[in-house]
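Naming follows writing order (A, B and C), and every chain is counted from residue 1.
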């Protein structure tokens, strides 16, 4: 497919690729408060937003503004102090295999005593498919995430980028409807990060998964997202939610040079960084 | 859900009280049940004397001085043996750490000797030294030398080579080299080995007394069993557990002292 | 100093071991030390050879090893089960840990007279004492291991909607095993010690008893022979553990 956004002129008219029929996640007045009395610390207060089915929804904000906390609430690992979170209409009360999460700290989210293949296999619900089908699915995912050669290695033998691929492959093995990612490429070098960004976009387009992607990197958010939500700190609140009218598939060089990209970057930079 | 520790802190005193109560449930139930069962004649007091008679026997043994005399004998052997063992182990470890060839040459012998439990030497030591303090001391020294030696060896080998080269350049004599470079560098880890050794010293001392040596707490213990005084036997055991705890506290103190020194 | 290459190192070890044996033999033959105290390796190995031929060596080794393994297996089972309960539940910890902490400093051999009263001078008493003595490091390692399962891995189990049993088997136990293994290792060393001690105390057939009998009948060569065998058993245990560690933790070696 030929890129449409090369000159930057068609950007404004480009429509986000995905259907916008349903709402995947609905956050209603979510607040998070730690401690009580003098130790009371309000991370964010009264946050409301919707994530549409099939979109890549990016959340950006400085460190400490509650991005991880918010994502954990959506995953069901943590409950908001007040407010509610709905996943496809039903309240989130506990973690579910339908909402896969790629943790920020890849070193701690893989079983170190299991090979890459066995780690990915964890994602497949036990008893859901036959052994053979499960192995075939794992093999397919390993190939798709560029891990085929590393299948029998242990996580400690892999680079950070490869470990993050293992997490993504395991999440895809869950056949999730929603993929939650917490600064997944934050600790990687620039080259690895860019190729993983493209691989991710490719994968979610093929599998048709809704993605909530957290980052503190404005450009990454714009490059990946259909929409970008900017969070401010103390207490955490929504500063803006921008539609990103950039054509897909995106391209590391041309997309980043598009006028729309640069305009959105300015907008976000002014709101979040402030100068 | 991840529970932040701050939530527990404000209720500090109350939490401590609950902990105390919870921790007393098991021992209190056991002791009361034991006492009641013995009073009701359900258990054989020849094997399990009741807590009250154990307490009485313990107090009597403390008052007539026999328990204290035995304690001193046990501790004397443990302390002196530890001293000899630790010094031997440290000297040997530092020496072998500085002489890689000697370390490799002695490794098979050292590994073999280290694999033999010290207690197994008791009969041999009995042949050589006969009953008494020396028998016990030698076994304790043998047991405690190894952990100190291993720690000293590893620590000495871990010294930065450049430091030793500096010593060469400055043409330091052995005494200065030890004092200025080696000992400060290995001190911390030797203390770790010493703490392990301290743990061994009391156990080995008591065990030699139980097995062979007619002195100290171990002998009191076995004597009480053989002369059908289970009350006294249990009193000795409680006393020994207390001594063990005291040794543990001393070891922790040593640890804190050495980390203070390292600052 | 130059780092000797591997072959040199091995040759050096072999030669020095032989030199040590020769020195030992020489000192023994010079007669500086009474013969009842020091016996040369030639005499000790002659005894070993004789005992190998008449089968008494194998019988003693088997008895000792069997006793040690039985006691240690009991200790590992109880230590790991109790440790898993203590490490996984704060309530169990608060209930039991203080009591266990009060018993733990007791020198293990002090339990011998109690065991004698309970069981008599027999196999059961020996196994009980071995298990009591070697349980503590296993227990402590297990508690530590289960308490320190990384939060990330616990959350992984939740996100994958694992049931309690599956989470225990796939996440908690393997994670804790890194701390359990060193406990098992220390425990096995203690098991050998307690085996020798109880054999001596209760006159149970085995290497510890052989040592005691040899001393009482002033047969020093037999005594040295038994010591050598105990040392070899200890060395074998160490080797097996080194091998087991490599087999069990292949993922940790490349760190």
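Operating definition for what follows: a contact is a pair of C-beta atoms (placed from the backbone, for glycine too) under 8 Å apart; a residue touches a chain by one contact, two chains touch by 3 or more.
What you see is a predicted model, and the numbers here were worked out from it, not measured in a lab.
Colleague: Give the chain pair that accounts for the most C-beta pairs in contact.
Modeller: Per-pair contact counts point to B-C as the maximum.
Colleague: Pick the chain whose C-alpha centre of mass, unweighted, sits closest to the average of all protein C-alpha coordinates shown.
Modeller: C
Colleague: Quick one: report the Å distance separating chain B from chain C, using the average Cα coordinate of each chain.
Modeller: Inter-chain centre distance comes to 18 Å.
Colleague: So the centre of each chain is just the mean of its C-alpha atoms; given that, what is the distance between chain A and chain C in Å?
Modeller: Distance between chain centres, rounded to whole Å: 51 Å.
Colleague: When the C-alpha atoms of chain A and chain B are each averaged to a single point, how far apart are the two points in Å?
Modeller: Computed value for the inter-centroid distance: 55 Å.
Colleague: Two or more other chains in contact with one residue: find those residues in chain A.
Modeller: Residues 77.
Colleague: On chain C, where are the residues touching two or more other chains?
Modeller: Answer for chain C, listing residues that touch two or more other chains: 151.
Colleague: If a residue has to touch 2 or more other chains to count, which residues of chain B qualify?
Modeller: In chain B, the residues touching two or more other chains are 2.
Colleague: Provide the residue numbers of chain C that touch chain A in the complex, in ascending order.
Modeller: Residues of chain C touching chain A: 150-153, 155-156, 158-161, 166, 170-171, 174-175, 249-252, 254-255.
Colleague: Report the residues of chain A in contact with chain C in the complex, numbered from low to high.
Modeller: 75, 77, 94-97, 99-101, 103, 105, 108-109, 111-114, 122-123, 125-126, 154-157, 174
Colleague: Okay, in this complex, where on chain B does chain C touch?
Modeller: Touching chain C from chain B are residues 2, 18-19, 22-27, 46-47, 100-101, 104-109, 111-117, 119-124, 126-128, 202-203, 206-207, 210-211, 218, 221-222, 224-225, 230, 233-234, 236-237, 240-245, 247-248.
Colleague: For chain C, which residues count as touching chain B in their complex?
Modeller: Listed in rising order, the residues of chain C that touch chain B are 1, 3-4, 9, 12-17, 20, 36-37, 91, 94-99, 102-114, 116-118, 151, 192-193, 196-197, 200-201, 207-208, 211-212, 214-215, 218, 220, 223, 226-227, 230-235, 237-238.
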